[in-house]
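You will see two complexes here that share chain A, one where it goes with chain B and one where it goes with chain C.
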Partner chain A sequence: MADLKEQVLTASGVNPLKCMRCGKCSGTCPSYDAMEYHPHQFVYMVEKGDIETLMKSESIYKCLSCFACIERCPRDVEPAKLVEAVRLAVIRQQGQNHLKPQQVPEMLDEELPQQAIVSAFRKYSK
Partner chain B sequence: MTFSYFPGCTLKTKAKELDRYARISAEALGFSLEELPDWQCCGGVYPMAKNEIATKLSSIRALASAKEKGQPLVTLCSACHNVIKQVNHDMQTDSNIVMKANNYMKLEEPYNGETEVLHYLEVLRDKIGFDNVAKAVKNPLKGKKIAAYYGCLLLRPGKVMQMDNPENPKILEDFIKAIGATPVLYPYRNECCGGYMTMEEKSVAENRSSLVMNSASEYGADMVITACPLCLYNLTKNSGSDVPVVYFTELLAEALGLK
Partner chain C sequence: MRRIGVFVCHCGTNIAGTVDVKTVAETLGKEPAVVYATDYPYMCSEAGQNIIKDAIKEYKLEGVVVCSCSPRMHEATFRKAVSAAGLNPYLLEVANIREQCSWIHKDMEAGTAKAIVLGRAAIAKVQLNAPLIAGESPVVKRALVIGGGIAGIQTALDIADAGYPVDIVEKEPTIGGKMTQIDKTFPTLDCSSCILTPKMVECAQNENITIYSYSEVEAVTGFVGNFSVKIRRKARFVDENKCTGCGVCTEKCPVKNVPDEYNLGLSNRHAAYIPFAQAIPNVAVLDKNRCIKLTKGKCGLCSTVCSAGAIDYEQKETIVEEKYGAIVAATGYNPIKIDGYDEFAYSQSKDVVTSLEFERILKADGPTDGHLQRLSDGKQPKTIVFVQCVGSRESGSSHGCGKEYCSKICCMYTAKHAMLCREKYPDTDVYVFYIDVRTPGKNYDEFYRRAVEQYGVHYIKGMVGKVAPQADGSLMVQASDLISNEQLHVKADMVVLAAAIEPDKSARPLATMLTASMDTNDFFTEAHAKLRPVESPTAGVFLSGVCQGPKDIPETVAQAGAAASKVIGLLAKDKLSCNPCVAHSNEMMCNGCSSCANVCPYGAITYADKDFSRRQDGSMIRRVASVNEAVCQGCGACTVACPSGAMDLKGFSTSQIMAEVDAICK
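Up next is the complex of A and B:
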């Protein structure tokens, strides 16, 4: 699926060939344990063009946008931008929102800040 | 000194104290925050994709509105600051985003990232000066051991945010010293609290927040301060720790004798 790879590379602006496979991105990722595919795997799987496997994985909803992998990558690869671009390839499709408004009320408690809800919508839905 | 001010959604609802103490402290320190009239929610997280335009417009509107007034734009919530500062960076550097956003907005004069974006802490450090903050303190918080929690959004990506050294920051510790207290350094002060994942996968937020709070306690903190409502929520609700977490503006107001 060359066009999917192209789409992910364009949206992310990332060049996965810069990666030297040190694994620091995954080592520093706060969501590591919650992910099936980890940040460094996103980099090489995008490079290989294996986008559909990533699109089917829940891992695309686990990135916290904390920018740790972006900050700490010694080669400036910016793995989080690949996770974001793969997720967008999914949720930009009609009917593929990961979080639907009707699911929200049961996730709320008295103190949950609005910031959590708007952030989740931005990451999970179009 | 007057600054345009972007409070953001949560400071009008669950985090009113973060906002209120910032405003009264500002007046006491000789600057004022002029809330932008028609600000819209920043969206909470920076849209990273190069071809995301619509999700950046609320930030660009706020930035353009501050530019019209000729004022720097001040933020307080870490998330708003991160989003607006990163979008402003796009408007300075990404010609495709600049062109598309300006074509859409049809402003009288195109916006090209001219506005200076400052976090409230940067106003204290760079415009007022922590030495002057210290001089204005009426009720120094002597003997209090306070751990600064930066989280992720204030500092990263360091190249864009340019607030401080992203791996060894000191702006909050310098703030703590200015109000007369003692800063506590601990390893997890710039690691993520688990953010919005508290909604869908609480265990991630619980693990992350516990790491932060246990680390702060271990190093002897009486209290943790933050600038982010979601961090405050996670660190109090999801960590299992009883060490208090408060907004830095609340302590500022207390030290200035306003609380």
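Up next is the complex of A and C:
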């Protein structure tokens, strides 16, 4: 478990101890209600080393990777990077990308914002 | 060779814990010049000092070395002791074997060896110490207070009360500062103006106080006890002595669309104006950027209606020069600009206001005559959301305008605002979003709890993430509630942002003029965070109010009084004894290059052409440096800059330093 925490911290470059528990990340998050664990909880749970719970949660895919929490955090904690790092931990365990490049064109939609496509790559590939 | 005595202090276990003090005393006792060496648990105690005094007499000591704590701590103590025994106080050297030895070493052997070396260096130096005599400089019995807010007012009143003349320099047309804009004060909810106005009037009436309003400090020279200050009096185009403050010019002035500073731009004023009804001095000002007569040469209406003949379009700014013994900085604060926080929609909606703007809305002489109204449509808000810590407690540069410190006053004034809303308009729903509620202070937490328990203010632990103006004029507030772990969406009519506070912009250039130090946030630094909180490290400069750090009114008044008492203590002296460890130049070696004058931070070095003519050599006039010993602070910069070795520092001469180095390297 300690190794997982170390992996998440290294991959994200986040220091959860910088968090002052203001909750602005969760006040900002547009995907809040869809997430089982909310941005501020991600920070706290990573700090406690409770990574496995997060890895099993759907929350890591519900995060839109919009980075509003990173933008607004007054202490530069960058919660979305933790979400991404946990996601990465899951994908790496599976030893493969969640998404094959070939699959992408057929999934695209004219209406889809560019940012969502970029975010999807961040979310579903290594 | 001088007869030296060495005294090694244990400082309890502070030194003796990592330094074998007995060995140090014994070893140093064998140095050639040392005729007496001993150790004692507390050298600074009276018994310890008596050991030194007795030894000086018994062994006819000509120099004393005390191996103890930092000279910053007890050099003065030991100098006094040495002096009491009839030795010149500057024939003492302190070897710092605590801060620079025992505290930073763990190994007894290494610590002891180092203590011995430090002792040897001090012995080598004291051999060359010259007996110095401190000079004296007179004290000008007049004080200058820079800033006329509650801090400056209180400091000036207290100094004046002790019988010393004091001048207040205020950059605005009136004294009073931020407190004039505030409605009620926590935790007693008394009216801010009602308690401030009498003090402002007292300033105007006290014969020891001179108010330079609409004025700024232009230049400061000199030193403690003898500052020389240039004050720039801006032209107000109204003769202060003739104006009766009747206000007719301010009513008749045809320019009506100037944003009113007193109301933070929430309403307009005329180009001829008196900031507010209780202004001191109660004298009109013409806004030179907006007055038609001053910008275009036409109009002149105010001059026609002024029955006192006080309007003077030709008035020029003047420079007043005055001497002061002490200077108090009381430059105050401002809320930070919060335009960078797009998420709170401050720039998008008139109904998102800062807390100071909210004060103006609540206050009877404000833009809404004290009625709680939305600025967009004048309707009374039914739901108000307060957001705390906007720009406070921020690290990094996410917004570029945040501050790392806690602004300290926001928790209390927000509780006050929430309480006042519920008191006057009980049908209003009030939310306060907080990170922490910080209410240390007498009757402060009780006050906050009253807001929750008696007034039913909804305190929610969490932060607002987004404020979105809606088509119907309301504001959708999205925030987290960390206790119930949910995201809230509150439909509000008004949002109040508790913006962080920062030192006034005039503080930084003033600090440069005063050579007073500042921290990275532009707050003035105190001489000692705990023990000298109202003094600047620069002698003769004192600190009052928020310019030193965030504080509320009670604390400001307390600190203002403390600063005044320090000033009074200084002005009560007729003469100050100077530090004799100052630079001096050897005129025979000086080549007049000005290197020393260029590096001197105190302007203590001047040049003069001197006649060195001798009969055998013919005439010779040379330009040589001379040091004003009263101004020199003994920093030594000139001794390093001097290319010819003419500059030397008394008490720290080059030969003394070299002797120390030699002793260490031996």
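Heads up, the rule we're going with is that the second predicted complex is superposed on the first by the 97 of 126 C-alpha atoms of A that agree within 3 Å, B and C clash if a C-alpha of one lies under 4 Å from a C-alpha of the other, contacts with A are read in each partner's own complex, and residues count from 1 in each chain.
The rule is simple: a residue touches a chain if its C-beta (ideal position, glycine included) is under 8 Å from a C-beta of that chain, and two chains touch if they have at least 3 such contacts.
Every value quoted in this text rests on a predicted model; they were computed, and no experiment measured them.
Colleague: Who does A:20 touch here: chain B (first), chain C (second), both, or neither?
Modeller: Touch status of A:20: second partner only.
Colleague: Considering only the touch criterion stated at the top, classify A:115 as touching first (chain B), second (chain C), both, or neither.
Modeller: first
Colleague: Looking only at chain A, is it chain B or chain C that touches more of its residues?
Modeller: Between chain B and chain C, B touches the greater number of residues in chain A.
Colleague: Could you tell me if A:84 is touching chain B, chain C, both of them or neither one (first, second, both, neither)?
Modeller: first
Colleague: Touching A:4, do we find chain B (first), chain C (second), both, or neither?
Modeller: Once the two structures are laid over each other on A, A:4 reaches no partner at all.
Colleague: In the superposed arrangement, which partner chain does A:38 touch: chain B (first), chain C (second), both, or neither?
Modeller: In the superposition, A:38 contacts chain C only.
Colleague: Answer with first, second, both or neither: which of chain B and chain C does A:55 touch in the superposed model?
Modeller: neither
Colleague: Let me test your reading of the model: by the given contact rule, A:73 touches which partner, first (chain B), second (chain C), both or neither?
Modeller: second
Colleague: Counting contacts the way the document defines them, which residues of chain A are shared by the two interfaces, the one with chain B and the one with chain C?
Modeller: 33, 68, 71
Colleague: Write out the stretch or stretches of chain C touching chain A in their complex.
Modeller: 343, 389, 393-396, 398, 402, 433, 435, 461-466, 478-482, 485, 487
Colleague: Using the touch definition up top, name the residues of chain A that touch chain B in the complex.
Modeller: 10-13, 30-31, 33-34, 61-62, 64-68, 70-71, 80-81, 84-85, 88, 99, 107, 109, 111-124
Colleague: Please give the residue numbers of chain A that touch chain C in the complex, ascending.
Modeller: 18, 20-29, 32-33, 38, 40-41, 68, 71-76
Colleague: So in the complex, the part of chain B that touches chain A is made up of which residues?
Modeller: 8-10, 13-15, 41, 43-52, 55, 77, 79, 151-153, 155-158, 166-167, 191-192, 194-201, 203-204, 207-208, 228-230, 232-233, 236-237
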